[in-house]
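Heads up, the next two complexes both have chain A, just with different partners, chain B and then chain C.
Moving on, here comes the complex of A and B:
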């Protein structure tokens, strides 16, 4: 506990120090990797000023977030301008604490699961099993990685609204194991209300209800109804605030129709900049289905590992959403230590990690060369962001594959051989 | 033969008597600007009383092309200018008619007009065909309806600003192909009167050239019991005197226009020339003086003449005129940021209220919260009235309109930041690296003599362009990344783990790697 307290206070101090370096804050909040048309703070301020003129924060094409977020931040700003950075730091802290609690509960449940199924485990797998020292160290590591991840820090000091999305998702996962459907779905509804894609995670809530609840209490449909209920409440409140049906859904329209081709770290912008008008609608459907569809096969395959499913769906959302930023990636990067006992089975982890780091550094360099120095063109930045996306894909598939391999190995032994022979054998995915 | 002559006389008398309700007036005003430029302003006005509908009228002096357009698109007032060059207010004073660089069209439609946007589009296309200019590019991305800047100059039934449309194209160039149809609208063409000086090649060598066409309805008298329509065509041209080196600084109209001044158009009711005499020059032929201006009645001329200016003393350097209101705008910013800064100067001895209008295209995301208005002493100015309409993506532009009070003898700095936006590959114009124009800022000041407009400079902004050679490559690369993800996830969800024997690889690279590994295995003990 004291470890956690030390980590949190160091994180808060670091952010406070960085926030008072005005030039750095201003430069970072202009980075396209950090703030997108949906999450940018300056667009929100622009929306405030326009709403004073026209009465509607969504008029014009400046602010593309949700109504309630703008209302909340507007009133906060009106109370005191210092309150807003404090709220963003508080978001990070609460998210880190939630992830810590979640990691503890999850690893405890996994350990209990493992111990209760000791009979099914093969001999000689002691070296790769989940152990008590994992339970002691990993939660602190999760909180540490979340708070000190450079992606989280830049999101906090640029006051990008992704911080709220991460907070709601962290609170959602923290309540997943506790069985309280109402709390879980409330946070998921808040996250879906802001950005559309987390709607896929409702399936995780239903599967968790099925796996972690006692026999009598199980009601897999309850999360679904609670979720719809919370969403209706949120839209009702925003309708009461804004008074126009079109404007409360305008941010969903923006996310789904992708009209703005501002560069960001995703795959949508350059593709839709370069295609012919004739194919625009078709490819829009293809890309959005790609971001929204994977929960179907994955939830069938990973139905008995709902937290792994949640991890991979979070990765898919943060990689394939229409306006991603680095802040979307912090959540699942901080969850990687949960599977540290399976890292042995990852393929080329070093290459993939270095690829992520290199592309993260390359992107701002290429941006500067294109926009400021005019010595490069758009392709350089596009290539760096494409490599960044590819590294995300590799990390997520590696992690899940390693987890499934670990499950196979603990049943069949660390060294594999075909029945009756001493020939060397490997694990392959076969039909 | 005699019967034909008689018939001709009868027909022309009859037609003249029918069409006696319109009149044509032409004038030429010349002013010498310092010692380097001369400003000539040609004004051709056609006034027409008519009581009936347009299609039952016999067109006499009023051009039928304009009449048909005005009738078809239900236009109450029409103003069209095309300009090449920049009017230097600080050096040259005030023009007789102010116009922004490029093309500008603003129209008041009649009360009760339906589908104004369709009519506006049809009208700009018709005007574009008539003047051989690309006015059809005036679309919803450059059209605005300002609330206070462009009030009607004549009589209209309704002044609701939803009936007003204003479009500007700063990129339009003024060529002889625009001059020719314009001159065809004049009753006498370019054969008689001041229009005889309009030599296209000499006009193209000028410093500043602006043609204008204005149509509106005016009252006959104060009670406004009846109205008449007026069509005003004017040309403002500023020539360099220095182009004729052998005679410098003496010049004549023939030396700048390359043509003599012919007597007036026979159809003109009045036709005259006013010249503001420079203090140290003599003007030949001698002319009478009216209101401190030299006046020449072209109806009294019998043959083509030339007006010569001869300097008695060596001309001095021109002194910059202290204009009442001046404006200078420029672009600031580096990289992704950009800004517009306008310096508004008030040289009058009292506070002046102005209306400031700036239209910014949608692809430059103006940040209205960065708008600052400061005087040169550093104090902030609050606008008396403020209106900002934000832009829509691929739609209407940002419209910033405000009423400001400029303090006396001060300079006010107005600055606004914008973000450079990104356009798709197909939305870029053919020469994408030329840059994109921001329409000039428009300052409107009501004065006792009427409404005075001062136009700023048209600004050129570069926005980041994508690589135009890359559509296929981009599609392939992005789809490859998607396929990597899809393939891995597909494998993950549809396949199970099985133990298989570690077989020798069957591709060339695998064989090479296994041979390499075997060498190392053998060499290690």
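Moving on, here comes the complex of A and C:
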């Protein structure tokens, strides 16, 4: 607990120090990797001012986030300009605490699961089992990584609304294990209301309800109804505020039809700048299905591991959504230590980690070469962001595969021969 | 009774005298110069030669262009086609200037020249398209010959020619039958009232021998079998800078002022054989009016006939199918000093939010906060 307190206070101090460097915050909030048309703070301010004239916060085609968030943040700003950075720091802190709590609960459950199935485990697998020291270290590590991840810090000081998205998703995962489907679905509904893609995570809530709750409470449809209820409440409140549903429709239309092709670290913009108009609808469907469809096969495969499903769905959302930024990635990167006991079965972890670091640094360099120095072009930047996306994909597939392999190996043994026996095979070289 | 008849007779006599005076004046005027029906003047000036050593052809065309402009035809009604650029040619020791005389007194290029077809755009096809008006729809006005049936057109061509043909750009030729057919197309589409065709090339007369459309006059600088020769070299520039016929034509035109009463017959006396070395040829059999009664300014200038009248003419409102044309509305003049004054005149189409909106959003906010705080308490 004291560890957590120390980490949180260090994180808060770091953020307050960085926030008062005005040049840095101004520069960072302009970077395409950090702020997208959906999340940018300056766009939010502009949208709110426009909404005073026309009543619809999306009517200027500038702000593309949700109406309630813009109203909340702008009223905070009106109360006091210092409140807004404080709220963003609070978002980070609460998210870190939620993730810490979630990690503790999850690992406890996994340990209990493991201990209850001790009879099914093979001999000699002790080295790879989940242990108590995991339970002690991993939650602190999760909070540490979340708070001190440069992606999170950058999102916080640029006042990008991804911080709220991360907060809601962190609270959602924290409540997944607790069984209160009302709380879980409230935060999931808030996250879906802001960006459309987390709607896939309702499957996770239903599977968790099925797996982690007591016998009497196992109504898998309960999260679904609660989710729809909360979503309707949110739509109702925004309808009351604005007088029409036009704003909500335009918000979702922006996410789904991707009209804005300003460069970001995603995969949409480059493709849609160059395709012919008559293919646009087709490829729009293809790209959105790519982002929205994976939950079907994954939930079938990972139905007994809902948290792993949640992890990989979060990765897929943050990588394949229409306007991603680095703040989207920070949530699942901080969840990686949860599977530290399976890292033995990851393939080329060093290469993939270094790839992520390199591409993170390469993207701004390519941007500078393209936009400022005029010595590169869009292909350079897109290649760097494509490599960044690929590193994400490698990390998420590695992690999930390692997890599944771990589950296999603890039943079948650490060393395996081709025929399944655990005897050693010796190769003798002919002279 | 007698007094009345006497005054009536005197009055009638005076009136008849007055009337005869007026009639005599009109007849005098019209007797001397046969009036032309045209209301506007156009010119198509074509130089078909390229390369530095054909400097003189460019100078020919530009000199006629300058004269025609001076005499009143506006640039919008002149199509100038120059097959090469001498003014900015790297071999031109007088960059940006083209001279037609070795005294280099007049720069016929100048800063207000408007070349409509330049360089490789001067082709037989473009020339015929310009004459007949069969141009692609996106052709700009400056490249169109927008003549009507009351336009007098001057067509001046210069370059290298032979018997029955004129060379364009060293690559193609226009035949005299093609030219005659183009003019016939113009006549059939009522694209000219009268047309003066001047050509300064070798064996120039062959080019108008096949004309068959009405209201055409042709002037050529040499007969068949003769060569039109150049006039003189400018040693500072290094090439022949003007042709003989055009040199003398310009000498003649320099003395012509807008509104001059010089006739076409005087124009046809320009450059006799001893001056031109070649014999100029003329074709007037297709022209209805006699040459000594046709003014040069019918073709070279843009003279408007003005009728003075003391009558008062009242303009009535135009009757349209929807009734009378609407009266002019004069809106009150307002001046704005900044954008927001202007913007505030726009109607604000904002819908009033529901009265419960703020309370509903506050309630929602409280719910969310309570959940967050509850979860935090649960965590610790």
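Things to note:
In the analysis below, the second predicted complex is superposed on the first by the 417 of 431 C-alpha atoms of A that agree within 3 Å, B and C clash if a C-alpha of one lies under 4 Å from a C-alpha of the other, contacts with A are read in each partner's own complex, and residues count from 1 in each chain.
We take it that a contact is a pair of C-beta atoms (placed from the backbone, for glycine too) under 8 Å apart; a residue touches a chain by one contact, two chains touch by 3 or more.
Note that the structure is a prediction, hence the values are computed from the model and not measured.
Of the two partners chain B and chain C, more residues of chain A are touched by B.
Of the two partner chains placed by superposition, A:21 touches none, neither chain B nor chain C.
In the superposition on chain A, A:393 contacts chain B only, with no contact to chain C.
In the superposition on chain A, contact is made by A:101 with chain C only, not with chain B. Once chain A of one complex is fitted onto chain A of the other, the partner contacts of A:13 are absent, as it touches neither chain B nor chain C. Using the contact criterion defined above for the overlaid structures, shared-chain residue A:53 touches chain B and also reaches chain C. In the superposed model, A:361 lies in contact with neither chain B nor chain C.
Residue contacts after overlaying the shared chain place A:370 against chain B, while chain C stays out of touching range.
Look at A:221: by the touch rule set out above, it reaches neither chain B nor chain C. Annotation: chain A residues 53-54 touch chain B in one complex and chain C in the other.
On the side of chain C, the complex with chain A involves touching residues 348-354, 356-358, 360-361, 364-365, 367-368, 371-372, 374-376, 378-380. By the touch criterion given at the top, residues 1, 52-55, 68, 71-72, 94, 97-98, 100-101, 171, 174-175, 178, 183, 186-187, 190, 233-234, 236-237, 239-244 of chain A touch chain C in their complex. Per the touch definition, chain B reaches chain A in the complex via residues 334-337, 362, 365, 367-369, 386-394, 398, 421-426, 464-467, 470-471, 474-475, 477-478, 481-482, 484-486, 488-502. Remark: chain A residues 30, 42, 45-46, 48-50, 53-54, 59-62, 259-263, 267, 269-277, 287, 290, 294, 297-298, 300-301, 316, 319-320, 370-372, 377-379, 382-383, 386, 389-390, 393, 397, 400-401, 404-405, 408, 412, 416-418, 423-431 touch chain B in the complex.
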